[in-house]
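Each in structure tokens, the structures are laid out below.
Below, chain A partners chain B and then partners chain C, in two separate complexes.
Then we have the complex of A and B:
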């Protein structure tokens, strides 16, 4: 009844509105970002300096790789991971420990990624039994934090002077730092995975309608585990890059990373319910978050106010995107 | 004696169309004070639309409604409620975690801002005794009630609003016999208080038990109300169907091949006794029964989404593994569920992505989906099912019900099914798309796909199937060729088994 009714009421007009709403939704964030850059370049002192731009992109690389990874989880209809920080910190410590023992940053990187993947697979299995992903990642995150804090007794974990583990952060091609290149490549690969592989497609279908996916023969359990694996792969890479960059790691570092990652995914326009979103959009979301944060650093905004502004910006954007999505799908 | 009762509600010349569909055409309806008026009609006959008009959910295009002699404009649910009209919904609107007493004051118009626990209990006791729930502790959470008790609490909630006209929309659809008796008692009691009752149902037995008069709808038109005492079951059924099957349904094929699917001694939760079924090449098997008759459970078991307790299913002589949907798909069993919005389509995704969902693996190599093969296969399915091929990138949620259903069915073509199980193939689908869906199902059957259709629409089952099995309250009752059924027989079989 209601569908026929919807058809009869100005069907043509609705289609047109829907189309323009969708265009607006897809381009709102890139446009805002350009606007933000132009205004900041004009008004914010030192914004157009090369060091500022470099700082923004280095920051984006860390948040962005995490956000692109988390997009897989959000797309699958499993909301977010709230354990980004402890997971990345654990990985960063593993990188230092293994690097110290093996004297090779390559072996250290490989072991780090595998270690983080293991944490992801474990959480994926727990969630696939029917538990809520937010709760599981929060709990496992707390456990990981507890373990790292206990093992290190809160002290710094840093490589001795004999080994050089900073290579991944200092290396640059044509002046572009390696983390930024890794970020761009990772985003492209993630896009390819979500759009053109069986796993990626199943993640989309599962998030779009779990019951329909099951009837279509897609296993919600296996697909959920895969989403966790993809996400953890991102966290593992982020851990290596973060460790190489910050040199010495402590259990309570990077406190804002979890929230920044979630914010980037949300601002990127991923549907919280799943089935709608893209790694590229989340990457742009990360760039936006990192830019706003850097502007406030330049303006020497006090810490509390910085959090407040960032919070307001995220909420406002998410509400706008939500309204546009509603208008676009009706 | 009813003729002496004063007229309470009168709807005259009500017309409502949705696009090209005439849901109501010049409908007259009247309701006297203190009477129980039953509304009967097949799916889509217009009975739920007139109920929506009276309850203010739909504003008619034309017509006039008078209440106790005054013209009223029921343009919103609120306006209808203020005029003293209340609806007991099929779906419960109670809040499960709250107590019965608390639920009874929710949404009450003249409620004070603060209720003391004692006042809540006293208030609830008074209302509950009027629906025969004297023994129920008002402090029980609604979650803990049986379905019948919930239905009675739902009625009690309406009573708390003190309505003059109460509409019941299939209140007994999900209840057992003993529970039905309690609900019917409550309805009778309300009528004896002088309230007017509109009772929508699919069950003829109930009509003869509680209704004073009956209004029968057919194809969006009403027939003058008649006293139930003057009617027989046969007369009612004849008035309800009274239309030709016409050329909506495709011609049956004459050839019948070897056995494709055979279910032997199948035991399934939700069905009493064992089920034996066979489908031959070129044959469409129709299962029919009301909601809760067990057809859905049986179909789900065959699809691999419901448990199988005992028995076996053979597909062309080899046993099928029914332990999961995945295995069912591998052995060529396609399953189209009755509720496409819930689990038939991905509303937010494109037609192409919907169509490819069950057979993505077959167009993939080493984990990568071949977009080219996916597109060409999806295009073939869309063409086959007359889905607009220029819109393959549109999201399915924006399509009409008929096109959504074509997508829900069409996605199974790509697995090259050996058996296609379809529940409610045309629910919420316009006539044009219905004919196309029927034609396609027949064409698939002729091409050698075994087809089982389950539907509560007896007309559809009779028009489409070669063999018909009937179900009533979780039990298979009769199975015989469609040619040996007449529609009145079939309607009576699924609605009116008084044994």
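Then we have the complex of A and C:
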């Protein structure tokens, strides 16, 4: 065998490994999820009951909508947001206030989404100056939390008896609750937006290679702001659904939402360096985290252990996905 | 210019801000005491110093607040063997966990932001397990008295430890080989590695220090209060970040000293003492820290763009005069 032939065989082998690594990376989480469902259905009492599945999906809907939104930010190379909870709580409060004033849940929902979009645009502008998104969102999150706590004085914000704002949470089609439907539709729309539209392509390219994106005429500033807009749109929808669901809102609520959302995006397999990932992956990541949490509820695992297991799952999956990605790109 | 003059010029901005802050505090509260305000939140300074080391190394330790909560819980949990041995064990455990983090980050070549947000959740989980989800207290309340004796009138063991840590860490970073290597890895990583700096060791040292100092901050706070809660230190990361950035540590790595961190800490400490003096609630402090952080970020951005513009203008002038 000549040297060139040996080289080409070696190259083909490497290409084959690379391909299988990438297949493994893309299908690792869905497979794990199916495995988790099968094992739990066999071993965990009450797991296969309709109420459990419903609870898992309702839980997934909130985390998932936030995670799918945040995927746009991660894809654009701007890491992740540490201000999910305060933003969603602010939106939830706006929903109650406007709903109370206008007596219409539709107007309330529209105003809520616009209000949350405004916070996103502001943060997008700050980050697009070239500042670190994690730090900016942490700081803005602290400001939003401070303002909501200050305005409400830490008290509950709840609609009066006369106004019904729970419609978005109680409505169901064929027994499927509206939040779950919204989650699925939002994921599909986000997938279409990121994969098949100009702005989605720009976000991908900016995250994959910033200087190449700049040279090919993509404005990093405008694209970053767009990524923030897409993310905030998700947060706005999540805020409406959360508010309709929990009825009375308080500044200290949903403390775990930020980390659950970030965990869903990371476990889903988005590259934090940007340019690699998909809203569908993040949605599956959210489903995975909600399923693990629900299984532990059924097994009546104490709160502490639940947190620990979640932490171990996140660290382990992030490391495995990272190793597979490295092996696949070599 | 003399060395002392140059030293002051380097930290001019921070000194000016500090002077303004102190002056306005004395104007607002005639019986204000600078030293007591620093004393009360010394753990924040220690934790910020740890965060600063990872930032100088060009990385970021998001898990440091969870580490503080975990070490606090561990200290109280182990307190039946004596509070001081328990604290020492917690610090050793924190340092070791930090070193493992540093090793994993270097070995895997993973972004420290990603890895440490995973360990942020993990350490918080460990805290919940150790405290079994409730606030725990030391059985012997008098045992915390060791931390309340006065040394030299106004120094408590806590603030003395904090100051010693600042001095030792400053010397370590500025004058030892391992310390200089951390700067090299943060400032120009590829060049440093090419020149023979050991990347894995540098990361283990940097994250070992941040883990250890997170443990010192959390452990000492809990030891002093004689209690630990699973949800403690929720806004510590924000506070530490504010200290580090107000002090003038560069976000891009390789720049900044312990003097920066200490000045930043003094500014934040006095401001928060002022807020507490007004009877402001915790969320007001958080709001304030958030605004301050944004102002510092934007200020830093302005200075960077202006100096860049200035540099370009000068380059153009040179180009014209040589043409």
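Keep in mind that, in the parts below, the second predicted complex is superposed on the first by the 321 of 330 C-alpha atoms of A that agree within 3 Å, B and C clash if a C-alpha of one lies under 4 Å from a C-alpha of the other, contacts with A are read in each partner's own complex, and residues count from 1 in each chain.
Simple rule for what comes next: a contact is a pair of C-beta atoms (placed from the backbone, for glycine too) under 8 Å apart; a residue touches a chain by one contact, two chains touch by 3 or more.
Everything numeric in this text was worked out from a predicted model, so none of it was measured.
By the touch criterion stated above, A:197 is placed in contact with chain B alone, chain C being left untouched. Touch criterion met: A:312 reaches chain C, while chain B stays clear of it.
Judged by the touch definition given at the top, the superposed model places A:275 against chain B, while chain C stays out of reach.
Set against each other, chain B and chain C touch different numbers of residues in chain A, with C touching more. Contact with neither chain B nor chain C is seen for A:175 once the two complexes are overlaid on the shared chain. Contacts of A:219 after superposition on the shared chain: chain B is touched, whereas chain C is not. Of the two partner chains placed by superposition, only chain C is touched by A:142; chain B is not. No residue of chain A lies in contact with both chain B in one complex and chain C in the other. Residue ranges on chain A touching chain B, taken from their complex, read 1, 3-5, 7-8, 15, 18, 196-199, 201-202, 204-205, 208-209, 211-219, 271, 275-276, 329. Across the complex, chain B meets chain A through its residues 17-19, 21, 23, 48-49, 52, 303, 305, 325-326, 328-330, 335, 337, 342-349, 353, 357-358, 360-361, 364, 367-369, 371, 395, 397-398, 400-401, 404, 411, 428, 430. Residues of chain C touching chain A in their complex: 60, 62, 104, 108-111, 113-115, 117-133, 230-231, 235, 237-238, 241, 245, 251, 281, 283-284, 286-291, 293-294, 297-298, 301. Within the complex formed with chain C, the residues of chain A that make contact are 79-80, 126, 129-132, 134-136, 138-143, 145-147, 149-150, 154, 251, 255, 259, 262-263, 266, 272-273, 302-312, 314-315, 318-319, 322-323, 326.
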